[in-house]
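One chain, chain A, links the two complexes that follow: it is found with chain B in the first and with chain C in the second.
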Partner chain A sequence: MKITKEQVEHVAKLARLNLTEEEKISFTKDMEAIISFADQINDLDIDDVKPTDHVIPINNVFRPDVVVPPMDRELLLSNAPSQENGCFSVPKIVE
Partner chain B sequence: MSYNDYEIVMGLEVHSELKTKTKIFCGCPNEFGGETNTHCCPICTGMPGTLPVLNGTVVEYALRAGLATGCKINMFSKQDRKNYFYPDLPKAYQISQFDLPLCYAGEVAIEVDGKPSLIGLTRIHIEEDAGKLLHEAGEGSLIDYNRCGVPLIEIVSEPDFRSAGEVRAYLEKLRSILLYAEVSDCKMNEGSFRCDVNLSIRPKGQKELGTRTEMKNMNSINFIVKAIDYEAKRQAQIIDGGGVIIQETRRWDEGKGITVAMRSKSDAHDYRYFPEPDLMPIITTEETMEKIKASLPVMPDIRKALYLKEYGITEYDADLIVASRHVADFFEVASKTAKNSKTVANWIITEIFSRLNEDEKEEGKIPLKPESLGELVNLIEDGVINSSTAKEVFADMWDTRKAPALIVEEKGLKQISNDDELKSMAQEVINENTKPVADFLSGIEAAIQSLMGQMMKRTKGKANPGMVISLLKEILGGMK
Partner chain C sequence: MALYQLKAHVISALIQNKEMTSEEITKAFLDRIEAVEPKIDAFITISSEEALKQARAVDVKIARGEKLSSLAGVPIAIKDNMCTKGILTTCGSKILNNFIPPYNATVVNKIHAADMVILGKLNMDEFAMGSSTENSYYKVTKNPWNLKRVPGGSSGGSAAAVAADMAAFTLGSDTGGSIRQPAHYCGVVGMKPTYGTVSRYGLVAFASSLDQIGPLTKDVKDMALAMNLIMGHDPMDSSSAPIDYPDFSKSIGEDVRGMRVALPKEFLGEGIQKEVKESVLSAVRVLEGLGMVVEEVSMALTDIALPAYYLISSAEASSNLARFDGVKYGYRAKEYDDLIDLYQQTRDEGFGDEVKRRIMLGTYALSSGYYDAYYKKAQRVRTLLKQEFSKLFESYDLVLTPTGPTTAFEIGAKVDNPIEMYLNDIITVPVNIAGLPALSINSGFDQNKMPIGIQLIGDTLKEHTILKAAYAYEQARELPGGVLVEL
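Our next item is the complex of A and B:
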């Protein structure tokens, strides 16, 4: 499948990535190679193959509904680039 | 075109927080409120390197909700990542479900103005709630992640709604079903039951749907009804003016009474879902399903039908009683003891409801034993006390929790049904009250009430009113 530079730009925008012109060109090539590799599946007869929902064949991994003490707030916030009034602080968001 | 020539088409997405003890993917407490960021850990604040583990009770509650609304269950279900950037979601993706939700194809029966209809449910899936953005004056936006990771079910309806009345009836019914199933506390003011409305209009008779707008996160049924009314009229005006509806997300501004477009980018809906690699698929067995089905209480509709048919109470009373599961349970137990279910219903709706606040009414927190109300009703039915004395007994019972028979005994409230005693008293009353007697004899029937009042005064309200009336009439009849 052909991948265009516009598609790369779109995906980069969704992922909030700023790509240089050179990167856009090289990623276009890389993505096309990856998609083309996956395209091989289209030529195979996979009618009897169930979709792989998970690579590890384990199901129903559940946790009991039991409270574990939360982390101390100061400790938790110590990783935040910015904090204020017991909150994580981020650049102003306007609706 | 007149507004009335348009048909409104709506579909609803309801988000309901599950009342588990802990969050969906970590052991942090699932509690409303609290100091900011004190119900949090590295998992629910999206720290790198952390891994989620699904809370088994979330699956159980979602299945309960599904089976309570007649859904089919996907015996094989999985979770997926929904990717978007917004700081209330620290991982930059929400763990939700995409193509294999836990429940699908259910229905909810509603009734509007006596007209019954069925609202289809497309699906019910589990997902995590986001944190809260606090827009305070200051440099940045502040975030409280206490709500982040609280388990939600999203209940998606088919576009089956044609009026705000249907939406109201559906939300009330859905809420009551979730309360009966005991999976959510559905407190709209705390945001644990909130609703998105997708709305479009089309000329009546037209097949194709119009362009829809979405109104998000409304948490009051009254606001929702107002928002629907406003939005439908707004769309009609635009179309009538030759304009086109833009597909967008709008917000209801209650203060101004209008919907406002939210700033949204065109690619905001490109969520790039993919299977969540950190969580294993969920397999539900027939056995689990049967176990959950057996543990669900009888739902409000079925109870209502039973109350009308077997207990003979009115539809109005039945609606009030089935609104809360615990009130309904109370009514059923009290009715087992009592000789008259209608009287039981009456006492619940008048005396009990007037003593409860809205929350207590909804939770059905009645601080009495249902058997006590049943016994009180029997004291009236058996003629031991009359209904005005019963109110006094009830008030005492409410305060002291004593058995009604004991209160009657202690206070000497037994109704006087002794024929001879009442007869001589009636004779005295007639002898001493010449004016009403004369009035009655001259044909003013209502004058007998004054004599009745005298009798009640003398007996301190304990006389059997039926007996008094017939005794008075008997004596007065002899004087004509």
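Our next item is the complex of A and C:
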């Protein structure tokens, strides 16, 4: 399967990756090789086979609705690159 | 024999019988790590102070006569993708270069509850994506049998640390072979349990429907102890199996006569190193000598498992790794224009090439117009593979294969060709896709004196069948030709 640089740019945007020009070129080549390899599965005619999402059949897992103490706010924020007034801080998103 | 060379069950007995203290044992391991780490590069973080504190605390409990677990005081090390409260957890990535988890993974809580001593966190391919540990942001781990060769991956640090006697045993994780393949390359025992039997709570997610934590040990007896330690239902993990978990120590020494073993001919054909094939066939003779029946079978779907695996695992990874955005924890880029640019710049600087490749493949496979052709189709292949294994297990107790097509390759030999690197996992991935348990154990050495591993695959939840066969094999095998590097 042929992969174009424009496709790589589109997928990178979806994946929130700011690829450099160099990366765009090398990923176009890599993606083409890997997707051609993955395309082998399209040699199989298996549309009538049911897909398996999970290998053991566990459905609808419930637990008792019990209130437990939450994790400490300061502890959780201690890993944040930037915080303000007990919140995660990011660049302004509303003008 | 030095203290650090002892197996976990021997150390356990020394501590329980008060012949040694945990502090003495822990110091022996810390000294060993200090001496050989510069050559092996197995650790990302060595937690000497905490380890000695834990060891002294256990010794106090033992002196008081408290009844403790059989692994109390035994030093362990953990792959760096399991969260350890207060101890750096990097997942081998720059994007988590400053992440101090505010909580413990369930397996880490189990280690603490068993009064074990944690020596440190082990090197790995970034986000467990790789087969050589060369994809770590931090260092390249060396194979203790030949320092110019890779230890395998992604749990390369976990395998090398056991082989080089830097921990009594270690924990790794296995998404497509990441415990078994390094165990094969480093000549140790490695096991991936049935999907859902070890909690994934606190394991940094790679591919959630495939990931499973498992141990790497020096022998099968230690493996049984380690499996007892980590397995069990956990309400914090919705995919955790709510079943009764057996005591695996009871599998050790059970009669194996009459057990039936399938040998798929596809894994002994083209692309398999000659000595690897010969080693598997010599293992067959050992198993037959033990009274097992080994029969050649055919598995039609072996070729299609690997492409299906890369689609499923990359799709799930692209979704799981969306959380690394430079906002809540981890690395944040220094320069950016706005919020979207903050995400994009952080991710481009924070992730390595292989991780980006997989995110790109996964995003592509899940994107509009391609979902049915790739992700959904791969999930159909999964159904077929499961059925193929189920059919085999109607007539056989175990499936025997090599663990990998070749022995450990040289550092740098495959870094430029992603597909060639992926082919290392061709024999291990079908097991993850079908969610089965499997173990790798050393079966000999090639002419370069590099270890060879055989893989024993069992049916769902049949870990005890694998362990009893592996133990019988371990007692009966002959291992000429292996010499560890003088470290």
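By our rule, the second predicted complex is superposed on the first by the 82 of 95 C-alpha atoms of A that agree within 3 Å, B and C clash if a C-alpha of one lies under 4 Å from a C-alpha of the other, contacts with A are read in each partner's own complex, and residues count from 1 in each chain.
Basically, contacts are C-beta pairs under 8 Å (C-beta built on N, C-alpha and C of every residue); 3 or more make two chains touch, one makes a residue touch a chain.
The structure presented is a predicted model; accordingly, all values stated were derived computationally and were not measured.
Judged by the touch definition given at the top, the superposed model places A:G86 against chain B, while chain C stays out of reach.
Contacts of A:H54 after superposition: both chain B and chain C are touched.
Once chain A of one complex is fitted onto chain A of the other, the partner contacts of A:V66 are limited to chain B, with no touch recorded for chain C. Taking chain A as the reference chain, the count of touched residues is higher for C when chain B and chain C are set side by side.
On chain A, the surface patch touched by chain B in one complex and by chain C in the other comprises residues 14, 16, 53-56, 58, 61, 63, 71, 76, 79, 82, 88, 90-91, 93. Contact residues of chain B toward chain A in the complex are 20-22, 26-29, 35-42, 45, 47, 53-57, 59, 76, 78, 83, 85-87, 90, 100, 133-136, 138-145, 251, 262-263, 267, 270, 272, 275, 277, 279-283. Residue ranges of chain C in contact with chain A, taken from their complex: 98-100, 102-103, 194-196, 209, 235, 238-239, 241-242, 303-304, 307-308, 310-311, 318, 322, 325-332, 336, 338-345, 347-348, 351, 356-357, 359-361, 363-365, 367, 373-374, 376-384, 386, 418-419, 422, 433-435, 460. Residues of chain A touching chain B in their complex: 10, 13-14, 16, 53-56, 58-68, 70-71, 73, 76-77, 79, 82, 84-95. If you check the complex, the residues on chain A that touch chain C are 7-8, 11-12, 14-20, 23, 27, 30-31, 33-35, 37-42, 44, 46-47, 49-56, 58, 61, 63, 71-72, 75-76, 78-82, 88, 90-91, 93.
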